[in-house]
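Pasting the structures in now, so scroll down.
In what follows, chain A forms one complex with chain B and a second complex with chain C.
After this line comes the complex of A and B, so read on.
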């Protein structure tokens, strides 16, 4: 199978997918449900996210040369595979809709107070469609190209925030009851769980140094997010609910940034770039899932055709619904959060489980082969015989190790 | 007996003004020389061909001269070949060689290559002037160009493969590379693409560029070009393939990566830290040339809150009386500059000063005083235009990109510019040049190649050949 992206690029894609809404709407939204304990809600969600990520990543590592469709179809059959694709489709279509709504809301509130939003929607869709059409290897290289800039701008903003934060204001914690904290976690889960996108990337990634690279970039993202939330909640404290554009507001309100003067463009540009990179990731999974749902053994087509109805529906939806921007955003967040939580947890566990169960049955087959055959030539010609596994486990195969 | 080859040659050569048919008697044999007098060196004809024949006539040897005698013993100049079929005769005529026919040997003839024509001497190319380092540049004569390369590469591994391209021009195209360093797959791919070309004529190396590009409808340059032999040799030593075209002072190199244009031959003949600094300036120049006018419009239309207050007041004061909108003002200034640029290129040199005066004083200064254009607008366009010339090889594509970013900045503001930058980088990443990612070593990141791309490292640290594109024998410096 052709390896289209490197492990470093996969790590960077995970890094980008872990940011996004978490740097804009999430902190204020967390405060809405859990008040000053919003930071605990955040870390709780992050822990759930990380556990699911570990399951998904193990599944991913166990299937180096298998595409996701082959992985599902061979292990649970075509019908159940389509159900899993459907879950992916629902998850990422929510994400995409939320991203576009959030993106346009951000554009409207943070930079254009008098802009014609339909034009911006057009440009947004045009860019993410183009990045999708450039294919996954060109897209991941593009994200790789911008990564150092994104990283350093984030670090710069967080350092500025840290330098002027009063960490005493973080305490006291746990002043709210647990139901409010959990409510904060689950009602905002739409901002989490993106990493499951790596499953449809199975078979496309070069596995060289994959563990190091992926873990490295996940750690970067965790450090940045944790620092950002500590800086945000200690800086804004009781006014956190007012700052819907978290990262932009840090720069706007931090006195140190004011000395340098007019740095607003920096976080604004950063967030626009991150939104533009998250779009194609979601779009890739949506298109791929829809394609796998609709194709049959006899009927297949060019995936790119899916973009046409997709764009028309999105333009109509956004234009019809967007002008009540905040209500739309809140509505989609509340409805989608539970769905997203359920899907991301379920899909992570399911994929991990089926990957594990299948390995056991494969081993059984090898034992049977060993029992009845000692001739190397004959065995190597057998179907379903994993010679690599046999050698690894020191099985004697016709006298050779 | 009728000499069929001679008759064929006469048919091909026709009765043109510069055709000479000269008969020389040698013993009992009549030799006929057929050639274009405008394409040969007369000294060689007289002293290298005619004189030895006459010497043989007057010599003690009583045997009649055969073509083999003439080839091996008598004629003392040029590259001599014995031709026995019509195709090779036709080829020799198109290559302007002298043909020698004998009346006692009608099944063959000789061709002697003493081709000569006026040619320029190697000079410093105007597009790649250097402060220090070699000043020689390629010329239009392919033999001189090959000499300039071979003089720098004293190795038996240097390969020069000749092809003829162009139905009427039969232009010599030479594929040159170093065996054992250049990838054979790349060489074969280039050769097959050149062999497939079926065109009337190739006047210059640029005629071949579209045939060698992977994506033919792209505004971005995909084939390297230079006028300097030291650059070509440097690239060949990295594993690239050079394509030398007769009648062109430009030598093409492949595979081409975007970062090559950021490098300059000056960088290799100066301090590493300074070269690195200059590379950053060039990258900044590219960014400025594309973004500045669009960003200015975005600030004027949408994000005036991002401009420091005092500066905003200055801009506002300067632009209050301008009848044009900021967008039209910028477009007007750009068109004005492009007009002046085209005029200055085509005017005789002695009128250049007059154009500068008209451009700078009359159009610029008077335009500002008359209130037609504003000083910030002029400043923005001047800054953008000057920045382009930090990377002169990319002038065309940067001009086009700037126009696109003016539309994006004016129409969509900062979001338009961010989308444009992301789209452009995405598009560049979708380009592959003979298997090499176009933006390598930046994306995908090839750490070892950053030493001579993003920054200029010490030459002792550049142990490996570039890994961004296909080549062989990776180690170039053994410690």
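After this line comes the complex of A and C, so read on.
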């Protein structure tokens, strides 16, 4: 199979997918359920996510040259493969809805309050669709190019927050009931479970140094997220409910001269970049899933044709049903989070389990080789096929019988 | 032409860039600058009069000047809520309110009675940072902004700098939106808010570079331009308003604030005056000692069922000034000679008595600025809960806490 992206680029995509909502709405949302124990809820969700990642990654490593559709079809059949793709579709379409709504809400508050929904939708969808149309290798190179900037700005923001904000002790922890802590974890699982996006990338990744690169970038993301959450829950131990946009609020105590006044352009730019890079990842999985659900053995088509009807339906649904990040947040904390949790865990376990199923064996092709010496005498026999015959002489093809 | 269309269709992104650029350039060219239709606010004053709010806004006016000063306009409006009053004030100015550069909110004492309610609008508004300074004043916020307007125009010492100075060197507490809401939510529920007064003595506001205008357009409660009614001055003596659960519990005078600052590691400088001090070198002198390198450690413990907190202070004191009527020693002698054991003992006694006296006042206000609640709860949750439940009124937990101070004066 043609390898479209390198292992380093895959690692960076995983890094980007682990951020996103976790840097904006998630901390305040966790605080709503579990107060200062929201940090426990976060780490609990992260542990579940990491377990799923390990299962998914092992599945990925065991199938270097197999595409995900071939992997599923040969092990569980086409019908059940389509069901798995349908689950992918549900999971990532909801994440895409939430991403767009959350991104628009963030941009509206942080940059341009008077902007209309249609303006932001146009900009977001145009960028996400364009990045998707560039194909995965160009998109991955783009993300790889911006990665140092994203990483440096994130680290800078966290360090700046630690240097300028008032630090409260995180203890005492486990003050709230376990039900509140678990509630906080499961009702906010919409922000987790992104690892399963690497499964549709199966067979497209160059496996050189894959373990080193992927584990390295996952560790970077874990360290940054852990530091960020420790910073947030320490600074805003009693007022986290007021800080809905976590990444911009942890640096609001930086004393700056009037000429600069606010540094929140830095996290705003960062979050816009992350949202615009997460969108194509989700769109890739959604389009891939839709294609695999609708294709048959006799009928296949260019995946890009899905984009136009998909975008029209998406815009209509966004305008009519899912307008506003708050309504999306409420919806995500009711049924959607549990559905996302169920799908991400189920898909991870399923794919891990079926990776141990032996592929349906194909009929071995048999070759019969006949060797003739100069005297045109057949020197090989069926029973001698197991022996290795060193060919020392070249034989003329054709010639006399 | 055909080649142009072929080129364009093969590269649709270029067509898109051209369309977006053409649209953006023309729309940007015809739009007026933001400062024309936005009032950039630097300070807001909130006065609560009965059930109504009067909001005074200090907005930056962009204009070219030769003396590098900034011009501000003060406008007032009344409304049933702060949102309504702000919108009215913006209408009077003929501009939309822009709060992104807000650095100070001034409130009068009536508005500080329930400060979390007063600041609700600003806390919800995304563009207003929670690091915006809060100032309480003895007069109306409108008069305060009017009288301090020249300070803003010179940009040399504005109210924000004063509040930051107080937090670092006087009170040890931040006075901003974040700290007010913290006091409403944390168990110890206390914070201090800077209390700046307009008084007969203080900073002279009649500066030479007073190019600020104090006009306002329309509306009730207008400010007058260029008039000095009474010569009132800005006085920052370090007094604070004590907030308990986001509400004004009382005013702490500067002397008490400075006495309590011994228990705060955050304040940078403190000094003690030993009055009528006599020893083998000095006779009936006033000795001023300055503290260097103070370390404060607080430890909570239970003496049986009585909750106790011990402050352990470690610092170095230097003799900074000696005021003596009948000078026995006229020549200058190095500081270390004077700092003897008697001075050390007297300094310790003075610090302790000052601290305990001021701490009693804090107890009467049911304020807990040192977070005793959290410390005792962390130390022994069950014992502390038993103590709390044993009280007739659980809000009065401070009254039963015993405070002990130990001071270690390091040798120079």
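Note that in this section the second predicted complex is superposed on the first by the 336 of 401 C-alpha atoms of A that agree within 3 Å, B and C clash if a C-alpha of one lies under 4 Å from a C-alpha of the other, contacts with A are read in each partner's own complex, and residues count from 1 in each chain.
Following the convention adopted for this analysis, contacts are C-beta pairs under 8 Å (C-beta built on N, C-alpha and C of every residue); 3 or more make two chains touch, one makes a residue touch a chain.
These numbers were taken from a predicted model, which means no experiment stands behind them.
Chemist: Quick check on the superposed pair: does A:239 touch chain B, chain C, both, or neither? Answer first, second, both or neither.
Modeler: In the superposition, A:239 contacts chain C only.
Chemist: Applying the touch criterion given at the start, work out whether A:130 contacts chain B, chain C, both or neither, answering first, second, both or neither.
Modeler: A:130 sits against chain B and chain C alike.
Chemist: Between chain C and chain B, which one touches more residues of chain A when both complexes sit on the common chain A?
Modeler: B
Chemist: Is A:253 in contact with chain B, with chain C, with both, or with neither (first, second, both, neither)?
Modeler: It touches chain C, and chain B stays clear.
Chemist: Looking at the overlay, does A:139 come into contact with chain B only (first), chain C only (second), both, or neither?
Modeler: Only chain B is touched by A:139; chain C is not.
Chemist: After the superposition on A, what does A:272 contact: first (chain B), second (chain C), both or neither?
Modeler: A:272: touches chain B, not chain C.
Chemist: Have a look at where A:8 lands relative to chain B and chain C in the superposition and call it first, second, both or neither.
Modeler: first
Chemist: One more residue to check, A:88. First (chain B), second (chain C), both or neither?
Modeler: neither
Chemist: Taking the superposition on A as described, I'd like to know which of chain B and chain C A:262 touches: first, second, both or neither.
Modeler: It touches chain B and chain C both.
Chemist: Considering each complex separately, which residues of chain A are in contact with chain B in the first and with chain C in the second?
Modeler: Residues 126, 130, 261-262, which sit in both footprints.
Chemist: Under the stated contact criterion, what part of chain A meets chain C in this complex?
Modeler: Against chain C, chain A makes touches at 109-110, 126, 130, 166, 171-172, 237-239, 242-243, 245, 249, 252-253, 255, 258, 261-262.
Chemist: Which residues of chain C touch chain A once you look at their complex with the stated criterion?
Modeler: Residues 13, 16, 100-101, 103, 123, 126, 129-131, 155, 164, 174, 178, 181-182, 185-186, 377-378, 381 of chain C touch chain A in their complex.
Chemist: In their shared complex, at which residues does chain B touch chain A?
Modeler: These residues of chain B touch chain A: 302-303, 305-308, 411-416, 418-419, 422-423, 425-427, 429-430, 437, 439, 442-445.
Chemist: In the complex of these two chains, what residues of chain A are touching chain B?
Modeler: Going through chain A, the ones touching chain B are 6, 8-9, 107, 111-112, 115, 119-120, 123-124, 126-127, 130-131, 134-135, 137-139, 141-142, 144-146, 261-262, 264-265, 268-269, 272-273, 276-277.
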